[in-house]
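Each of the next two complexes has chain A plus one more chain, namely chain B in the first and chain C in the second.
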Partner chain A sequence: MNKLNEKAAALLQEGTVKLIIGYEQGTEKPRPLFCTVPEDASRLIFNDQCKNNLAVYLTKKEIIGDEKIAVIATYYVMKSIVQLDKENQINKDNLIVLTVDSDGEVIEFNDYQEMEKYADEHVPAPDPKVVAMLEKIDNMSREERWAYWKSELTKCIRCYACRAACPLCYCNRCITEVNCPQWIDPWPTPLSNMEWQINRVMHMSGRCVGCGACAEACPLDLPIGLLTKKMAMDINAEFGSSDDGNVLSTFNPSDKENFIH
Partner chain B sequence: MERFIIQTNQLNSWLKKIIESVPRVLAPVNDGTKTEFRQIKTVDEVAYDTLTTTSSVKAAAFPESETLFSYRKEGKNTELTQVSPEAYPETVVWRARPCDAIGFAPLSGIFNWDYKDSLYNARHAKLTVIAFSCNTCDDYCFCTSVDGGPGSTKGSDILVTQLNKEEALVEILTEKGTKMKDLCPDCFKEADQNIDKESVLAKIPVKFSKEQVHDFLSKAFDSPVWKQQSARCLGCGACAYVCPTCACFDIQEEAHGSRGRRLRCWDSCGFSMFTLQTSGNNPRPTQATRWRQRILHKFSYMPDRIGEYGCTGCGRCSRACPVDMNIKEHLISIASISHE
Partner chain C sequence: MEESNDKFEPRILAFVCNWCTYAGADLTGTSRIKYATNVEIVRFPCTGRIDFMLLLKAFANGVDGIIVSGCHPNDCHYTSGNFHARRRWIVFRDMLNFLGIDVRRIRFSWVSAAEGAKWAELVNETVNQIRELGPYTEYQKAAKYLEEANNHE
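After this line comes the complex of A and B, so read on.
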C-alpha cells in the first residue's frame, strides 16, 4: 500500500489538506484512522476488510472543521457521499475523495460525476449471506415473518449503534429524542424496538446505499441490515431510481397515488 | 471460605436443583452468533463454550428499564402505586465470569453513594452470583490490570474453577453461597486445602496499573489525548450498555391518558443528548469531552468518591464497539503518558 501512504503523506506535507480519514489495522479488523501529520500516513491501509462507512464523519463539524480534508473511499463511502451531496450535506470545495484500485494505484477524483462513474463500475458482489437471508424471509408466511422479527428485535438494547454508524442518520435531533409528543418510547420494549427500527428504515427509504454499516455496528448482531436492504429493493421496484433519492420527501406529478394533487 | 470438590458430571445435578428451587436462574445462552444471559428452565440451555457474554450481568440487579411508580388520576385525585421490591424474584446467576461478579462492587457503590437506592439494593440482595473462573482469555481481556483476575472471588457468592476434565473446585464465599451448596449436599466433598487453582487459570498479562491512570487523570483535563483517542468514536451507547459498571440512567414517563408509570432506563454519557440542557447549551459539546468524562468517571471520580474503580477489565466495550475503541489500548496509552 505504498502509493496510498505516499499520496496521503504528500497531501499533508504540502498542506493541501489538514486531515485524511482512512483505515488502519485495528484489533481484529480495520478501523477508521484520522491522519493529521505526514507520519500518520504510514498507518493507512486499504483492503476488502475495510467495512466502516467513513462518510459518517463527513457531517460531523467537530471532526472535519472548516478546512480541506480528504477521505479514502470504499464503494459505499462514494455512494454515501453522492447521497449526502444530493441532500446538501457536503461542502464539495473542502473534500478530496481518494480511492485505491485493485492494482494499488491511488485515484483522486476530479469531480463527483467521475467518482459516481467509478463507483458504478466497481459495484461489490452482494453478500451471499444477506441474499440467502432475504430469500429465507421472503419465503416465510406473514405469521412466521412477524414471529422472526419480534424475536430478533426484542433483543435490541437501544444503544443506537445502528444510527450512529449510518452516514445518512445525521439529524441533529432524532425522532426517538422528540418527547412532545413521544413518538417512540426510548427504553427497550418489543413494541418500541420495532417502532424504532421501522422508523429508521422508513427514513432511509430511497436514501440507503446498502453499506450494511448499521448491521455491522450492532453489538448483538441483529439482522437489521436486512430491513434497509429489503426497503431499498422495494423502493427500486415501486419507484425506480430517483435522482433526488428520497422518496419520502419528493413527489412526481405522474405518481400513481393522487393524494398530493 | 469453604472449599469443596464437585465432579464435573455433578454440575448439572446441582444446577437442576437450583433451577427447581429458585424462581429465576440466569445463565449464558447461545443466541444467534452471540451469547447472552437469559433465564433458563433446563440445564441444557447453558452455553459453556464461550468466554464472555456480549452484555454483562448487571441487568440482573439494574435492568434496562424498571418501574419506579405508577399512577392513576381520577378527577382531582391522583392515586400513586409504589413498586414493592418484595415482589422481585430471588435470582441466581449461573456461570457469570469474575469480571461480571466484581462489577457489583462499583454498582453498589454508585447506588449507595449519597442516596440509598432501594430498588437496586433489593434486587442485589436477592441475587446470588455463581461465577466460573476463566481458563482462557482473548486480546480484549485486561482484568489483571484493574486488580481483578481470572480466578478473582470478589463479588461472587460461589466461584467454580474447573481443575481438570473430571473435577472442579467450588469456593463458597458467602452465606448465600452456602444456601446454594446446601441444595445439593451430596454433590460436594471437602477439598484438599493444598489444591492450587492458579495453575489452571488463564494467563492475562498486567499491562498497566489503575493507579497510573488515576494519577495521569488528575492533571489531564485539558490534555489533547481525549480528542486524539475519540476521533473515531461514533457516540453510540454500545460500550455503556454492555459494561458491567456503567450505571447512568434516564427517567422517563409512559403515559396513557389518565394513567401511566414513571420508569428509569439505561442512558449513556457518550450520547450528545446526555448533557444537553433545555437552553440549548451543552457542557460536553464534543465527543472528545464525552470520552474524557467516560474515562474520568471510571478511573478518577469513582475511586475518589466510592473507593471503587469503574472498570473490571472485561473488555466487553471494546468487543461491542463498531469502530474498535479498544479501551485496553487507550488505557495503556494513558498510563504511559503518566510516566513521561
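After this line comes the complex of A and C, so read on.
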C-alpha cells in the first residue's frame, strides 16, 4: 500500500470526506474512480497515464452532493480548479485537493494560491505530436487548411463527448441545444459540425487550460484539441495572460487594430 | 458553373452599429454620394451585439463578403461595446484563419456618423475586393451539403 492509498483510506475512515475522486487502473489506461468506502482506497493509482480531467465532476451537483469531497489532481485538474474558482463554480469549503509528487509523497493543499504555485512549478512538457501538427497546419495554404478541416470535421457524429469531457463546458443550456433560433443544425453536416466546433472554441477562449480531454474523449479521434490549443496560443500572444480568466469579458484600449481599416 | 468575374455581382452584408456607421451611411445618402449597390445593411444597437455566429450564418446563406463597422474607439455610445467587439474579432479572425475560412472576405472598419464619404469608399473598396476574389462557393458548398449529396446520386 502506498502513501496515496493510506491517505485516502484515512480520510474516508475519519469521515473527513464522503467521496474521493481519483484514478484506478482501467483495461487500457487509467480511468476515474469514485471512492466512498475505505476498502476501495487501495484501488487508487496516480501516474503519467492519468489523462481524464477529473475537474469535470466538480460542477456536477448529482455527483459531488453537499458533503466534503477530495480530488486527486494532475496538473491540468489543478489548473481547471483554479479557472472554475475564478468563475465562482466551486465551493471551496467542501473541496480538498490532493496530489502526488514525483517521490510518491501525497501533498494536501491548504489554499488555492499554494496549489497554483505548485502547478506552475510542475508544468508538463507539451505533447510533441500536437506541436508538430500545429506547425504542419500553420504551414499549409488557406485552401489546404480548409480542405483539411472540412475532411476532418465531416467525420464528426456530434456525440458531444468533447463537451461532456471538458470541465469548463458546464452551461446548463448549451447554444447547440438552443432551437429558437436554431443556431446550429443538430444533425451532423460539414457546416454544422464546423459551426459547433467554432462555438465550442470561441466559448473556451481564454478559459481553456489545454488539458486535451476533448480530443482524448473524441470517439473518432478528431484533432479538435488543436483548435483550443491554437486559440490559447493566439490569445497568449495577443493579450498575455489575464487575471480574471476570461479575456473576452474584458478589453484593453491598446488592443491591436491592424486588421481594422 | 463558375460565373466569370466580370459578370459576378458580389452580395455583401454589412453589420453596422446604430449610433455611428448607420448614421454615417445615412449621411452618405443625404449627401447624394453614389456608391455600389451590392451592400445590404443590418442595423445593430452596438458592435458589441454582433455575435460571431451571425457572420457565419451570413456566409452559409450565400453572402460573398461581410462588412462589420461601428464607432471609432472611445466613441462608443455604450462606452466600451466596440472595445469588447474588437477583442472578439481578434480571436475570431485567428480562429477562422486557422480553419481555412477566407478572412479577406470580412472587412472590419470604424465609420463615424460624420464619415459619409468613408462609408461610400469602404463599400466600393469591399465590392471591388470581393469581385476579384469571386463568389464564396467553398463555404456555400459546405452549407448545401445535403443538396450536393442528393445530386451526386
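Just so it is clear, the second predicted complex is superposed on the first by the 250 of 261 C-alpha atoms of A that agree within 3 Å, B and C clash if a C-alpha of one lies under 4 Å from a C-alpha of the other, contacts with A are read in each partner's own complex, and residues count from 1 in each chain.
Definition applied: contacts are C-beta pairs under 8 Å (C-beta built on N, C-alpha and C of every residue); 3 or more make two chains touch, one makes a residue touch a chain.
Because the structure is predicted, anything quoted here is derived from the model rather than measured.
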| item | value |
| --- | --- |
| Superposition on chain A - do chain B and chain C clash or fit | fit |
| First, second, both or neither for A:P190, with chain B first and chain C second | second |
| Which of chain B and chain C A:K7 touches, first, second, both or neither | neither |
| Partner chain(s) touched by A:P253 [first = chain B, second = chain C, both, neither] | second |
| Chain B versus chain C as contact partner of A:E144, first or second or both or neither | second |
| Partner chain in contact with A:R207 - chain B first, chain C second, else both or neither | neither |
| Of chain B and chain C, the chain that contacts the larger number of chain A residues | C |
| Contacts of A:K229 with chain B and chain C, given as first, second, both or neither | neither |
| Which superposed partner A:E177 touches (first chain B, second chain C, both, neither) | first |
| Touched partner set for A:K18, first chain B, second chain C, both or neither | neither |
| Shortest CA-CA distance between chain B and chain C [superposed frame, angstrom] | 8 |
| Contact residues common to both interfaces of chain A (with chain B and with chain C) | 189 |
| Residue numbers on chain B that touch chain A, as the complex places them | 31-34, 36, 54-55, 64-65, 139-140, 231-232, 234-238, 240-242, 250, 252, 254, 263, 265-266, 268, 271, 273, 285-288, 318-324, 326, 329 |
| Interface residues, chain C side, partner chain A - complex | 52-53, 56-57, 60, 73-74, 80, 83-84, 86-102, 107-110, 122, 138-139, 142-143, 145-146 |
| Residues of chain A that touch chain B when the two form their complex | 26-29, 31-34, 52, 56, 62-63, 155, 157-161, 163-165, 177, 185-189, 213, 216-217, 219-221 |
| Partner chain C, residues of chain A touching it in the complex | 137, 140, 142-150, 175, 183, 189-191, 194-195, 198-199, 201-202, 205, 227, 230-231, 234-235, 238-239, 247-253, 255-257, 259-261 |
